[in-house]
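Same chain, two partners: chain A is paired with chain B first, then with chain C.
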Partner chain A sequence: MFDFLIHVLIMCCLYSMLALSLNLQVGFGGLMNFGQIALFGCGAYGAALAYKYDLGFASGILIAVGLSAFVSWAFAGIGRNLQSDYWGIATLALAEVVRIIVTNEGWLTGGAQGISGIKPLLPELSGRSQQLGNLAICGAVLLVALLACMRLTRSRYGLGLKLMREEPQLAQSVGYDIMSLKRGCMIFSGFIAAAAGFIFAHYITFVGPDQMFSSETFLIWAMIVIGGLGNHFGAVFGAFLLQFIFAFIPFVKDMLGLPTEFVAAMRLVLIGGGLIGFILWRRTGLFPEKVGGRADG
Partner chain B sequence: MKRLLTYAILVAGLAGSAHAKDVTIGAIIPLSGASATQGEDQRRGMELALEKINVNGGVLGGKLSIITEDSAGRAPTALDAAKKLVTVDNVPVLIGEFSSGITIPVGEYIAQQKKVHLNVASTSIDVRKIKGDFYSVIGLDDVSGAFSAQDAIDRGAKKVAVIAPNNAYGQGIADAFAKKFKELGGEVAASIMYTEGQTSYRRELQQLEKSAPDMYVYTAYGKESATINREAFELGLTDTPWYAMYITMCTADSDPKYIEGQIGMDLNYVGPSGADYQAAYKKQYNGDFLSTFNGFAYDAVMMAAAAINKAQSDDPAAIAAALAEIGKKYDGVTGEIAFDDEHQRVTQPYLKLKIASGKVASN
Partner chain C sequence: MAEPVLKISGVAKSYGANQVLKDINLEVGAQEIVGLLGPNGCGKSTLLNLSSGFARADAGSIIFGGHDITAWGVERIAQAGLVRTFQLPSMPHRMTVAEVLRAADSRGVQFKTMFAPDRSSMQEVDALLEGLSLSHVRNLPAGSLSGGQKKLLSIALALRTNPKLICLDEPTAGVHPNLRHSMVQLLRRVSERGIALLIVEHDMHFIRELCSRCVVLDRGEVIANCVPASLTSNERVVEAYLGSARDKGAIA
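Entry: the complex of A and B
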């Protein structure tokens, strides 16, 4: 049970990074990104390509950073004059383009077969100590990402992001460059998502285009909507909550002697139903955004 | 007195377990997501095997049971399931998953935990890289691709055009086919990987036509191949022979008039000893096989039970040793199963088939 718990915590940390990153875009900047999983994919393929071509760990990080910066930049630049919801559709399309490129350029990416056998992060350790090491790494990266996000949104830049979300024209009129705000927000949050992908690739030792389906993006969306848009702790809490529910539904099934189809159905009901329920009845999520230092329900 | 009682219970417990021991094994299959139909079919195969085993005396004098977990067709969920089965339920044997892209990471984890892993559906040749006690009960793409290439050559093809779905399965089998076909002196004039779910494949077909092949070789999922077959007929491409890899899958949803005369191969997923099994399946689920995958899941459970009984233990290492012994020649419902040095199934009985008067017939 202990080992299983460590695994669940590791996955919680990784999804928390993805949720933090998406929350920065959607919750603070109002950037309706439906292509988040592509940024995760940049990190994962950074690790995988470095392994495949034997470039070493450090260049893996460089590739991941480079790819995610490029894709984030493209996300920000695409349809720069579109309104937020139309821009959202464009991001969905762009993420699909990334996935299709990865599937088709088999000479580079291994195509649909993916890249397997990637080395774990702490190859000299094994068994439980390796798992604990992984958890420590994930926890540390999550903490750094969380602190960085908090610092960013408290700064003048964060204020600019919020203004861009509420009144883009006003933001422009008081001298904010909307395009550079968008770009900066996307690239910064792209790094966090790529970090999650990079660690994930080393953790499960396999990367393939099937990990980049758009349904994965909606899972992250569910986490931030339930946790609370525009609140960093909300995003992290939402990620932990959903991961824990998913991980422990199978135990409920075993205890009550329910068929396995129950688990399959429950997962879908929880994501879909949770999203709809929160959007209908509690738009602010479990942890509402703090405005002016006070909770604004 | 209390202590005595504890000992008594302990001894009684030990004595009991020496006589009869229930064994639980694990399975990870997609019961939701894109491959849920095949996953359900795998579940049926395992259920039938379990019934048969427990009616015939079970394992180690006790009952065999399977804890089935849903993978949702996602690697992270499948890994959650694998970790639960290994670290919490402590199963010695795991069966699954469906897609190669999920079986590989799950397999590497199971190998590292030194448990026995039976692969019942993933045919990518990359699964060979999984070390440890990993056994493939299903033949990999290199086996089926090579068989198809040999068969196409035997039927007089020299220059072929290939179309297959753009996923791990399609890329794998097309590569294996091309490699063997070229070795045998043939030429692959064109090769197209199609995107699943399109409403039309005319552009792809016209591109293939330009290469002027003397045989079209294709493999496609039911609904897509229905479109491909209809459009090929309308474009007049069916004057050239069509060769289907996994012909029952390719022609399942097609209109008979478009596929008349097609030739091809398929798994003999009901081997010489499989007739009883097929009858039992039909009786239990009131219908034909949902897919070709149930038989492999059935064989995997039967082999696992046989290995547990042979080893007289539920220790993974002992089961693996027994499995290697049984796997020298095992008579399964999917035909004879024999493993090579890397624990992969070497031979798989294939059928050479054709479509005659709208029905699949042997050739």
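Entry: the complex of A and C
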């Protein structure tokens, strides 16, 4: 049970990073990104490609950073004149394109089989101490990401992002370059998502295109909508909440003597239901954005 | 005359078959307050859009502060010191008035300064709010202000960008008469700081009180360029606003 709990906590930390990253785009920049999972994939494949071609850990980081910067830049640039909702559709399509390329370019990415056997983060440790080490790494990276996000949204850059989110024309008329704000926000948040993917690849030791389905993006969306758009703690809380609920659904199933299909179905119901429920009845989420003040907004 | 801060020469603009502006020439001197008048649909707002980069001129050139800004984008023009306000300013609901004012100074905000702490001077923001009698709404969401307050705030935002010229789109439309008076005073003070103003306005009283010169547009052409006092004696202006004597006869 203890090992399982550690595993759940590690996944909580990784999803928190993805949620923080998406929240920076949607909650602060108003960028309706439906292709978040592609940025996660950049990190995961960075690690996987470095392993496959025996390039070493540091090159893996470089590949992950390069890939995510390129994909984020493409996201920001795609349909630069599109309105936010149409841009959202374009990001969904772009993420699917990335997944299909990964699936089909087997010579490079291992295709649908993926790449397995990736070295763990702490190969010298084993068993429980390795798991605890992994958790410590995930926790530390999450903390750094959280602090960086908080610092960013408190800076003038963050104020510019918020102005762009609600009044892009006004932001432009006082001299903000909307495209550069968008690009900066996407690239920085792309790094956080890629970091989560990179650690995930080393933790699970396997990377495949199945990890990049768009349903994962909607799971991250559910986390930030439930946690609270425009609130960093809300995003982290949403990620922890959903991950814990998901982890304990199988136990509920056993208790109630329900069939195995119940687990997958219940997860979908929770994501969809949570999204609809919060959008209809509590749009600000569990932790609403703080307008003014010095809190995390 | 000293070099004008804004020089519009031979500017034309069409939307499809509709020619909105034909060969417009207009100058605004440094520190000058120029009124831009004309009946609805005469092209005033279009001229403001062209100058501030929200639309592109089909022909002619717009020189601002010695640079040809005809093909520049909105943000580049704003950074160079030409800012505009909107007729119906819309303000964010999830930012306070003080935050919007802090954000309005966009200079130096780039990718590399992403994490630099916000060093905007709160004293400057507070002084600006004080000057506009908006101190009491400092911590309210900017979107919750009244129409008149939003107009004042949009002028404050323009001032935060350290402009050389502010183009105002109907600053007194829908504004209470009391606030209108303080608007005149505010704009005078702005002008005393060495900032030129180009004001699109329908309110003749306001124009007379404030402007040293006014330019009247009608059907996309400049029909008068004179001091406000001589407007009423200008036949073409009277005709543009009230219709010709023959039209009046027809109506009668």
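Just so it is clear, the second predicted complex is superposed on the first by the 293 of 297 C-alpha atoms of A that agree within 3 Å, B and C clash if a C-alpha of one lies under 4 Å from a C-alpha of the other, contacts with A are read in each partner's own complex, and residues count from 1 in each chain.
In the analysis below, a residue touches a chain if its C-beta (ideal position, glycine included) is under 8 Å from a C-beta of that chain, and two chains touch if they have at least 3 such contacts.
These numbers come from a predicted model, not from an experiment.
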Combined model on chain A where chain B meets chain C, clash or fit: fit
Chain B versus chain C as contact partner of A:G272, first or second or both or neither: neither
Touched partner set for A:G56, first chain B, second chain C, both or neither: neither
Chain B versus chain C as contact partner of A:F188, first or second or both or neither: second
First (chain B), second (chain C), both or neither touched by A:S155: second
Touching partner for A:E166 - first (chain B), second (chain C), both, neither: second
First (chain B), second (chain C), both or neither touched by A:E261: first
Contacts of A:I178 with chain B and chain C, given as first, second, both or neither: second
Chain B versus chain C as contact partner of A:E289, first or second or both or neither: second
Minimum Cα separation, chain C to chain B, after superposition on A (Å): 33
Touching residues (chain side chain A, partner chain B) in the complex: 1-4, 7-8, 11, 100, 103-104, 106, 111-114, 116-117, 204-206, 208, 210-211, 216, 246-247, 250-251, 254, 260-261, 263-265, 267-268
Contact footprint of chain A on chain B as seen in their complex: 31-32, 36, 43, 67-70, 72, 74-77, 79-81, 83-84, 87-89, 99-102, 104-105, 108-109, 124, 126, 129, 166-168, 170-172, 193, 195
List of chain C residues in touch with chain A within their complex: 52, 73-75, 78-79, 83-86, 89-96, 98-100, 102-111, 113-120, 139, 141, 143, 154, 157-158, 160-161
List of chain A residues in touch with chain C within their complex: 148, 151-152, 154-160, 162-163, 165-167, 169-178, 180, 183-184, 187-188, 230, 289, 291-292
